[in-house]
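In what follows, chain A forms one complex with chain B and a second complex with chain C.
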Partner chain A sequence: MMRLKEIGTFRLISGACLAFLSLFALVIILAGSIFSNPSALVSAFLSEEVQFAIALTLLTATIAAALALAASIPAAYLLSRARFPGKDFVDALINIPIALPPVALGTALLIFFTNTPLGVFIDNSIVKFVFEPPGIVLAQFSVISVLAVRLMKPVFDGIDPRYEKIARTLGHGELGSFLKVTLPLAKEGVFGAAVLAWARAMGEFGATVTLAGATRFKTETLPVAMFLDLSLANLEGAMAIILILLALTIAVLLIFRKIAYRGDIPY
Partner chain B sequence: MGRVHRIHKVVVLVFMVGVIVGAFIVTRLGPYFSVDERKIVVFAGAASAPVLEEVVRMFESKYGAKVEIRLGGSGSVLSAMKIARTGDVFIPGSPEYLSQAVKLGVVNITSGHVTVFAYLVPAIIVQKGNPKNITSLEDLARPGIRVGIGDPKTVCIGLYAKRLLEKNDLWDKVSRNIVVYSQSCDATAALIPAGAVDAIIGWHVFKAWTPDKADIIWITPNKIPQISYIAGAVSAFVQDRSAAEAFLDFLASKDAQAIWSKYGYFATPQDAKIHAPNAEIPPLEDLT
Partner chain C sequence: MNQGSFALKRISMDIADGECLALVGPNGSGKTTLLECIAGIRQIESGRIQLDGVDVTRLAPEKRQVGYVPQDCLLFPHLSVDRNIAFAVSNRDVDSAAQVKEMMAWAGISHLAGHSTRDLSGGEKQKVALARALMMRPKILLLDEPFSAVDRPSRARLLGELRKSLDEISRALNLASIYVTHDLADAQLMASQVAIINDGSIEQAGPWDRVLQTPSSTFVADFMGFNIIDGNVTAKEDGFWVVSVKGQNIRGIGDNLTVGERVIAAVRPQAISLSLERNIRKQNWRHCQCNVLEGSIVEMREIGSVAQISIDVGFSLSLEMSSDLVEELSLTVGRDIFAQFRASEVSLLHGQHVV
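Now for the complex of A and B:
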């Protein structure tokens, strides 16, 4: 009897917490619908500029998420499995971008590419990042890659290394056992991390605007377009863009979930 | 068998979505990415964007030179110019940033080229329809009126508002009604459409930014001590000085003046002086 009551209270508190956290999403939608209206939304969606921003945001966020995934899967795996001197230090070091405001990250990258010999060489001879569209991808990557590592490391931590050892005894190499055994087991966690990283890249603003600048029809992602509208006190336009970004992200997330998991969604 | 069928369907679905999204991206972005050509790079305060973009279209078709505008807060784009040592022209939202640019070595006034394009007059901006019936600076001191101004320490329109109130011996009374000191020019303007306050002291052009949400109450002309202006300068990092100077001159030309007026700016000091006959126009050297 006592036990049941405790569970009841706990359930109640958990439910209240979940409801409270959902409020943030509701507040965004509410604010959007107060300061925007269907006609502003439609005209924003049909404008050439917003369509450019949608296309650029989708393209850059997807490239950034793919690159972040490619880099962070092996990095997270290494952090989870390997022992090497200075590992704790490296583990702490890579967290730094999470603690910094993205504007600081963007400023640091801007200084690197314009004031150091190596940065200048890369920017002039390999890929032009400064005030150019590739800078958007790099800015997004710098923000989301660490996030992906942090999300994936516990996934690998949770997989018993004995499975890999057994795969090795059956003739797979280190890479083979990782690809055939560990990665399939980590699939859901990796997918969850990828989705979150992609969504975060869609909304990245601070690092982007500092490194790639805000030039219409060039480096204008949806968050940058929203910022430019706010600079003119155009709240309707800004809220319309927020709602478009929101709808786009939710739509893509739902499509991916449907494709990846028909039925039960594990995250 | 069923599983193979399912995977097949998923692959087809992903492929189709990919093709549609890919085609959308290519058609939207394609036209804007052409081979790099010679261009003037302008770093500008974002509030002037609508005017600058219209003027740029005219300039490009007349002179055959490309202009790329990089927008942002005036201070942020100035920082970017300083760090990256780049940009041909700097056009901040208020002249204070030009003197800041001189201090930072981004603009060199002696060899640089400073041009004034448009003038700004302080005014009271109220909610559409003026529901609180605010007709003068004195009304801002009325009990219960919620007033917003820019932070006088960091935002130029805030400093102008404070000087204006002090000059008319209203600062003590009105400051009791000030409920918010906003941190940028556009944040000050946004207080009215956001419904956060009854009135702000802003630039007259704020009314033109949000015509459906705001009304303007002109301040008694002889009470205005100072007006401001929008000016631009050739940067110290300029690549093509003659093109940069041509662009600045074009921004002050008759053609461009029509565009400044269209967006609610005063294109000449005479126009501005109608609303502020005794006001001084502070020269760049006096600004800090």
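Now for the complex of A and C:
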């Protein structure tokens, strides 16, 4: 009792909240252990279809995260630093994909590429997105890029803009100051945003299934494979895929973390 | 330059090569804003900034060759000391390592190579920031309240070192510099010229002795710590105006005054001497027109070798004199004295003092 008093009420409440939030991950593992068994897990992992889904998910999520990062770093920087007419409107506008369910986003993209002249032209003549693997990347990108902007803007907000100004008096242009001063100072936040965006892309389902469809050995990411198993009432198979997705994500996050620590990023 | 309700206006200054100008003014008067305009960090709406005869008003900061050392140094936290210094030449095709080494040796910070900027003391940070600014061979150096965060004894030592370094580098590179501060003692130590800024305007600029001799406005006189006395011009005698202040007559100098006009008489505390007799005590003043006012000592405070004294001569005056002289004259609170100051040291300014 004495020890509890020493810890303090606030610390106890904080600890309870953290434990409660950790329960979600534990529930997934628990459900997996109930509805799955080691042999089902091994056979799922060895199946050609799941291996295809793993490779496709890793590839598309990584491409989508890289593209999202490339677009959201300058966008977040601009939103943080620049003052321009209609900035509040633009700021609100780019939040829309966060508020919409991913299925709605996928539906909007599907309508754009099938029912508008520009969309049809792009889909027919430049890159085929509808029911094709590039559609997966686009769906993931549309969901995570805004998330990345939202995560990175406060990072840039927290960096004193006078560092860039000093860099400019020292002979570096606007881009040079950004690349040599602001970006290195923002690396922790940018890295964190990149990891979260990548993890979110790994689990993206709603927009993906609507735009790219759920075709086996074609647009079948791990979440889509799980959905296909669930639609056939194959709970054991679905849970095995969930556990594979979970293990994969944890493994990659740990690798990121290791890289980050080696690079002095305390993420 | 406008920033909310604040604006820089009526700014006109010239700084010659190799010269150091002290820009002094109270907090919020626009000192840093003016430096940022010169550095190109802020844009001005009208007017011109010329460096070496070249109009740089619309030039990007990276093209101006203005060395800027901000108050808080702003050393890049992700770079070590030597990489901070090398930053200015990191985009040029030069042997930066040798230059950095040379600059660090000049600044006396060679031992800090490879150190993180987070581990540095206030004085070390300023030296690194100065070395970094000088690396790009600026045409003008802007120093914004260096060492303001350093304790007073250390600051005096560091300022002495900075003055020596600046003299050396100004001579070698023909470098002009602007030193911003709100501390008059620091400003006098660092610069031969002074510009006083108030509410975004330069009130007065010129050599120290001229500003101290003839402040151009009540603000300047007040800011410089002058005694400020309200009075009326009653006559002009022997080239000096006679001003009546609470029944006492003071002689002074001023431009475009008229008899009957309300004026402010400004006298520096250091220009006033005390004597126990009416006769002029200082020998070299005996041939000058001198004001002699009878009164008594109200308050006396000794700070080191200087005594700050308040006297009542029908109105209040503050003055400073050496502690040795105070002892020699046996001055104590309540003692009757004669305040003496030359008429040429009294600046008469138009208007009335608003407190």
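Here is the rule we use: the second predicted complex is superposed on the first by the 255 of 267 C-alpha atoms of A that agree within 3 Å, B and C clash if a C-alpha of one lies under 4 Å from a C-alpha of the other, contacts with A are read in each partner's own complex, and residues count from 1 in each chain.
Here, a residue touches a chain if its C-beta (ideal position, glycine included) is under 8 Å from a C-beta of that chain, and two chains touch if they have at least 3 such contacts.
From a predicted model like this one, the values you see are computed outputs, not experimental measurements.
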| item | value |
| --- | --- |
| Combined model on chain A where chain B meets chain C, clash or fit | fit |
| Contacts of A:Tyr163 with chain B and chain C, given as first, second, both or neither | second |
| Touched chain A residues, chain B compared with chain C | B |
| First, second, both or neither for A:Thr116, with chain B first and chain C second | neither |
| Touched partner set for A:Ser33, first chain B, second chain C, both or neither | neither |
| Chain B versus chain C as contact partner of A:Lys180, first or second or both or neither | second |
| First, second, both or neither for A:Ser22, with chain B first and chain C second | neither |
| Contacts of A:His172 with chain B and chain C, given as first, second, both or neither | second |
| Smallest separation in angstrom, by C-alpha atoms, between chain B and chain C in the superposition | 13 |
| Chain B to chain A touching residues, read off their complex | 6, 10, 13-14, 17, 21, 24-25, 28-29, 32-33, 41, 45-47, 49-50, 53, 68-73, 76, 79-80, 83-86, 186, 189-190, 192-194, 206, 209-210 |
| Chain B-touching residues of chain A, taken from the complex the two chains share | 35, 51-52, 54-56, 58-59, 107, 110-111, 114-115, 130-131, 133, 209-210, 213-218, 227-228, 230-236, 255, 259, 262 |
| Parts of chain C lying in touch with chain A, wherever the complex brings them together | 36, 39-41, 60-62, 64, 66-68, 70, 74, 76-78, 87-92, 132-133, 135-136 |
| Contacting residues of chain A [partner chain C, same complex] | 160, 162-163, 165-173, 176, 180-181, 184-185 |
